[in-house]
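As structure tokens, the structure follows; a few thoughts come after it.
Per-chain numbering from 1; labels A, B, C, D and E assigned in written order.
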Amino acid sequence: EREQPAREGAPVPASPATRRRARELGVDLRQVEPGGPHGRVTNEDVQRAAQK
Amino acid sequence: MPRTEIDLQQTISYLSILDEEGNADEELVPDLDDDTLHRLFRVMLLSRRFDERLLQLQRQGRLGTFAPVKGQEAAQIGAMAPLRRTDWFVPSFRETAAALWRDTPLSGLLLYNAGFNEGGLPPEGNNDLPIAIPVATQVPHAVGLGYAARAQGKDDVAIVFFGDGATSEGDFHEAINFSGVFSTPTIFLCQNNQWAISVPREKQTHSRTLAQKAIAYGIPGIQVDGNDVLAVYAATVEAVERARAGEGPTFIECITYRLSLHTTADDPSRYRSEEEVQTWERKEPLIRFRRYLESRGLLSDQEVERLEQEIKEEIEQAWQEAQVQMENPDPSVMFEHIYADPPDYLQAQRAAFQKEIGGG
Amino acid sequence: MAKLTMAKALNLALAQEMERDESVCVMGEDVGRDGGVFRITEGLIDRFGDVRVMDTPLAESAIVGVGIGMAVAGLKPICEIQFSGFSYMGIDQLESHAARMRWRSRGRWSVPMVVRAPYGGGVRALEHHSESKEVYYAHTPGLKMVIPSGPRNARALLVSAIRDPDPVVFFEPKAVYRAFREEVPDEEETLPLGKARIVREGGDITLVAYGSMLRPTLEAAEQLAGEGVEPEVIDLLTISPLDDEMIAASVRKNGRVVVVHEAQRSFGAGAEIFARLIEKAFWYLEAPMERVTGYDVIVPFFAREKAYLPDAGRIVRAAHRALL
Amino acid sequence: MAKLTMAKALNLALAQEMERDESVCVMGEDVGRDGGVFRITEGLIDRFGDVRVMDTPLAESAIVGVGIGMAVAGLKPICEIQFSGFSYMGIDQLESHAARMRWRSRGRWSVPMVVRAPYGGGVRALEHHSESKEVYYAHTPGLKMVIPSGPRNARALLVSAIRDPDPVVFFEPKAVYRAFREEVPDEEETLPLGKARIVREGGDITLVAYGSMLRPTLEAAEQLAGEGVEPEVIDLLTISPLDDEMIAASVRKNGRVVVVHEAQRSFGAGAEIFARLIEKAFWYLEAPMERVTGYDVIVPFFAREKAYLPDAGRIVRAAHRALL
Amino acid sequence: MPRTEIDLQQTISYLSILDEEGNADEELVPDLDDDTLHRLFRVMLLSRRFDERLLQLQRQGRLGTFAPVKGQEAAQIGAMAPLRRTDWFVPSFRETAAALWRDTPLSGLLLYNAGFNEGGLPPEGNNDLPIAIPVATQVPHAVGLGYAARAQGKDDVAIVFFGDGATSEGDFHEAINFSGVFSTPTIFLCQNNQWAISVPREKQTHSRTLAQKAIAYGIPGIQVDGNDVLAVYAATVEAVERARAGEGPTFIECITYRLSLHTTADDPSRYRSEEEVQTWERKEPLIRFRRYLESRGLLSDQEVERLEQEIKEEIEQAWQEAQVQMENPDPSVMFEHIYADPPDYLQAQRAAFQKEIGGG
């Protein structure tokens, strides 16, 4: 795992399950504040973003 | 004590009945009725002409690579003829002549050579295995088939064909050794056509004959003039009788010659001389057998002409039939017969495939 | 019912099938008079005679090749290869003919044969006697690859393999042959090939194993349960065809998975399981899939066998990583 | 520089290595007088004689086994197996000895041998002549498995394989032997084993291929580019050891990947590539990974060959799915 | 023409020099100095006692499964003795006696049997291959080694040992055939100990002798009394001289007997009788050779007693050494020597492994 700054087009690090939840909740991962290691967006991050 | 020679209790003999000129040693001519003699010639001629037609079609790009059998007609047909339909025929990849004796439809062989799996279907009612390409790997199959026949209380035998090159493979060795131990009714018919692609017989093995390899297994071995259909027939009859009587296997080395190229992808001029081929052309099997039959009043020029015409039409008819079957090859045929019952994942792949070729 | 070892359970399967169907025969090195070096075929030659129970010469390619001929003629040969590490001598006959005969002959001929061999390590054996190359056979269309984990399923799967109309390669975990006993019904029992089974249910993480790796995986499951994690344990039973639906359903539920096999890691069966899960459960993966496997080394001589083989500790640690 | 076919490029590699190092020899069926059925060894016997260029008897296990003995004694044999579908007869010698001799002898003996064979379909060949079982060798520790894609890299990789101190199985895509020409330097050139190469850069999706599948993959890349998608194409070159770092770096960047191989799907090399990506790029996967492969059937007789082999259309459709 | 017998141009002989009672055919006794005769006996005795100690240790659970060599000491040592250090020794899995002639350290053999890869290291300066377990697969290696020697301008030969069971394997066949074709300086030393685990010689193959299998390859074959170290020595000397002179390979069948079990995991009472074993015990190699040496004044009871003591101490010493090396086996040794240069992924696995055993 390596640190990398988010690039235009590069994937936001997240598990496939998190991506599915984001899609289901209408959340754009690129707009979510990542709370996991290495800039990873977690399920909790998505949940939080959806509730806003 | 001084060295003592071990008595091996077996010898290897050479058998020849019909010489190159078509003169037969009458005492040795096997018991064959006129119809069978005629059929032997007809099928040898059919094989020869079919081979020529296949070569033509391959050069035109209508058929794929195949292995011509020119020169080996007597060695194959003479060996196939003593067998019953229920006896097992285990070919390698060059046994077209033997297959024709077994009434294998020409259209099926054409389909096979045109790259259609449908061409692999053995003729109904025959105990024929399909063409086997990895050299010598079919030899153990004939041992198992023979073993099974005896276990099932049948007196069927199994004949397996293979070349000189095949005798160098481990499967050849393991199979014949099994056969010797279990005394299976298997006839090991070696088509020594002097070449294995570009490797001449002398470089394949250091034994003077191939027949003597039988001594390694404690089974009878005999060498015959493979271009002499009567000798091949006689030796095979003996082997078949021994096998049916429960006396086990026999190894028959047929000395013959591959008059054509190894396969249509081969260029023999790279490794053998035209003189050698000419020398063997003079010994080829059809000429001498025709002369013999003529001397017996069983064949005439007109009869041969008639046969040629009949054969030509038969081949053309088969080619027409094959071409009909070759139109619109349903590619999903490739999913058939992988298992008796296709598992789910394979059915899913077939469905996905069908969707893709349907348009996406 | 009786409590049988796997060795005895396999012997029961062989004896009952040979009794039921006289086309069934057994062939291999030392399977007759000696009853097989692991005694799996013990007693069969006395019961069924030396035509149906063949002590063969020392020649694996012929054991398979002659078996193929016997099968084509209508017998049902069960070929024993003395150790799976010697099966490679027969792989050409399996790939080039056993797997293809039905297809090549358009269904005219078939090869209802079983090739069985003890596989895997854990019994302090010599070099080549602890191998686990099931992938060679799983990657070969026309064959099936089955690996039981205990006495009862070994018996049931072997019966199904014998009755299967196509060639089945049957690897028996030698470390389990006499490791424990289990109730095995006297009356015949089969298990369908191609179906895995859930050995332990749980909603937190899926552990997939087979063969001798089931036991350390169940041990690991116990440890995890003690930590408050509920693992679901799946025993594959058949490697090919793979029951990817059962594994995928479990992973879709749990989101986290550890696959365990003693075979070397790279290009091992675990990779294909991962691939199927990508294809069928991708959107439910919460964490990277883990595989606990043999290292990509040659199986060491037995003084280091334990270090090579996956154990409960390694599986638990992998589960922890998958639960992050 | 000259524009050479792969066949000529391989021949160049062999000739130059044999010139440079007199311990290098070539052995196999029809490799001498005939120059090999694909003429890869053409001219070598005239230049180097029949001790270093051996026309062997018809016996694959011995070609490998005798080669092992020659290698232990200090020669560098390049064993030709006429078609990869006949290599299974030699796999026991490869797994049981070539792969193990260094390890078994604690480094005293080694087997710097190359076993090369034409592999794959696409040339309307007979049964068994279009096989692609690279996984058998990739799953065997102690061996390396290399598959070039074009004339220049074939030459460079073969030189490296010959110089490699350990046994290398070298599959040459026969469909590419004479398919096109490429500039190949006269002076010697090598490529490191175990390193893939990026053939085309792109930021939208990663396409991984090898051998004869590189061409349809590049065709697919062209089509995708025409649709406004920028594919990155990686040519594996070596299957084992796999350059997972290069593939993972690309997938971490692109998030979407299609793997292409003609080998059967299940337990094929694509599965291991998926597994490595799970291990190294999991968090960057934006869609299920796709694999475009041969079906799990026996390679059909050539009338249906095209339907079996992956083509640009199938690859494009898989890319579309991965881009959803 | 009538069948004609083919002259095979070779015969298979049987050689015996020293009979069961220890009486030698003086005309045939090979040229051996006293030191060598003494060493032959010493190593045979060392092998016998080491075998017994190994068995003891295995029964105590200190060592793993191994293959005892009891009864085959003459067949192995007689064959090994004519060779130079630079000649190649290619064993199967039972050649402990031959290995001891080659001064293989006992501690190494003990380590191997205790499951330590370190025990596989061949002795320095010897051209010895490690133990080969898959039956007959080592036979082609000796063909390649011999071929290489000649290609490199050396006159080294290669001797390969294998059993009666091994003669049924394809690799045996393919290898010897190669050797015959390329005339490699390879000695094929068959230890016919009458059994392949539970399969008796007669069920392994249907040939009366194993030596006659040489006829299949066109190479010389000889059968010798394998319990007669002088006959084995003499036959091997001949074969070595032929090979060194560029005259190619020889097949030597040693008639001997596996006096002990196949391996320590075997139970011979299941398939052979105690009477048979007793019959062969009377023919065993050490007794007759001892008598012969005594008759030559080269051995006495005291000398044998001294040897026994020396050997006992040597074995104990080696066992002590081995046990020291067996303490604390570093398991990461399993990552060594997979390749000359460990690839990255393997180094990573080794690091991860080291971390796991470190504690977590």
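In this text, contacts are C-beta pairs under 8 Å (C-beta built on N, C-alpha and C of every residue); 3 or more make two chains touch, one makes a residue touch a chain.
Quantities reported herein were computed from a predicted structural model and do not represent experimental measurements.
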Separation of chain A from chain E in touching-chain steps, minimised, is 2
Here chain C maps onto chain D under a C-alpha rotation whose angle in degrees, rounded to the nearest 5, is 180
The distance between the C-alpha centres of chain C and chain D, rounded to whole Å, is 30
Whole-angstrom distance, CA centroid of chain B to CA centroid of chain E, is 43
CA centroids of chain C and chain E: separation to the nearest Å works out as 36
Taking each chain's mean CA coordinate, chain A and chain D are separated, in whole Å, by 39
Touching two or more other chains in chain C are residues 57, 59, 61-62, 85-86, 89, 92, 96, 103-104, 127-128, 141-142, 242, 266, 282-283, 285, 287, 296-298
Within chain E, the set of residues that touch 2 or more other chains is 117, 120, 134, 168-171, 174, 177, 181, 203-205, 338, 345
Where chain A touches two or more other chains simultaneously, the residues are 15-16, 19
Contact graph of the chains (line, ring, star, complete, other): other
Pairwise touch list, complete, is A-C, A-D, B-C, B-D, B-E, C-D, C-E, D-E
Residue set of chain B touching chain C in the complex reads 88, 90, 117-118, 120-122, 129-130, 132, 134, 137-149, 151-152, 158, 170-171, 174-175, 177-178, 181-182, 336-341, 343-346
Note: in the complex, chain B contacts chain E through residues 1-6, 8-9, 11-16, 25, 27-28, 168-174, 177, 180-181, 183, 203-209, 211-213, 215-219, 222-223
Per the touch rule, the chain D residues reaching chain A in their complex are 203-204, 252-255, 282-286, 288
Listed in rising order, chain C residues that touch chain E in their complex are 29-30, 33-35, 37, 55, 57-62, 85-86, 89, 124-129, 265-266, 295-298, 300-305, 307-308, 313-314, 317
Contacts from chain C onto chain B in the complex sit at residues 25, 51-52, 54, 56-57, 59, 61-62, 64-75, 77, 92-93, 96-97, 101-110, 141-142, 144, 165-166, 194, 241-242, 244-245
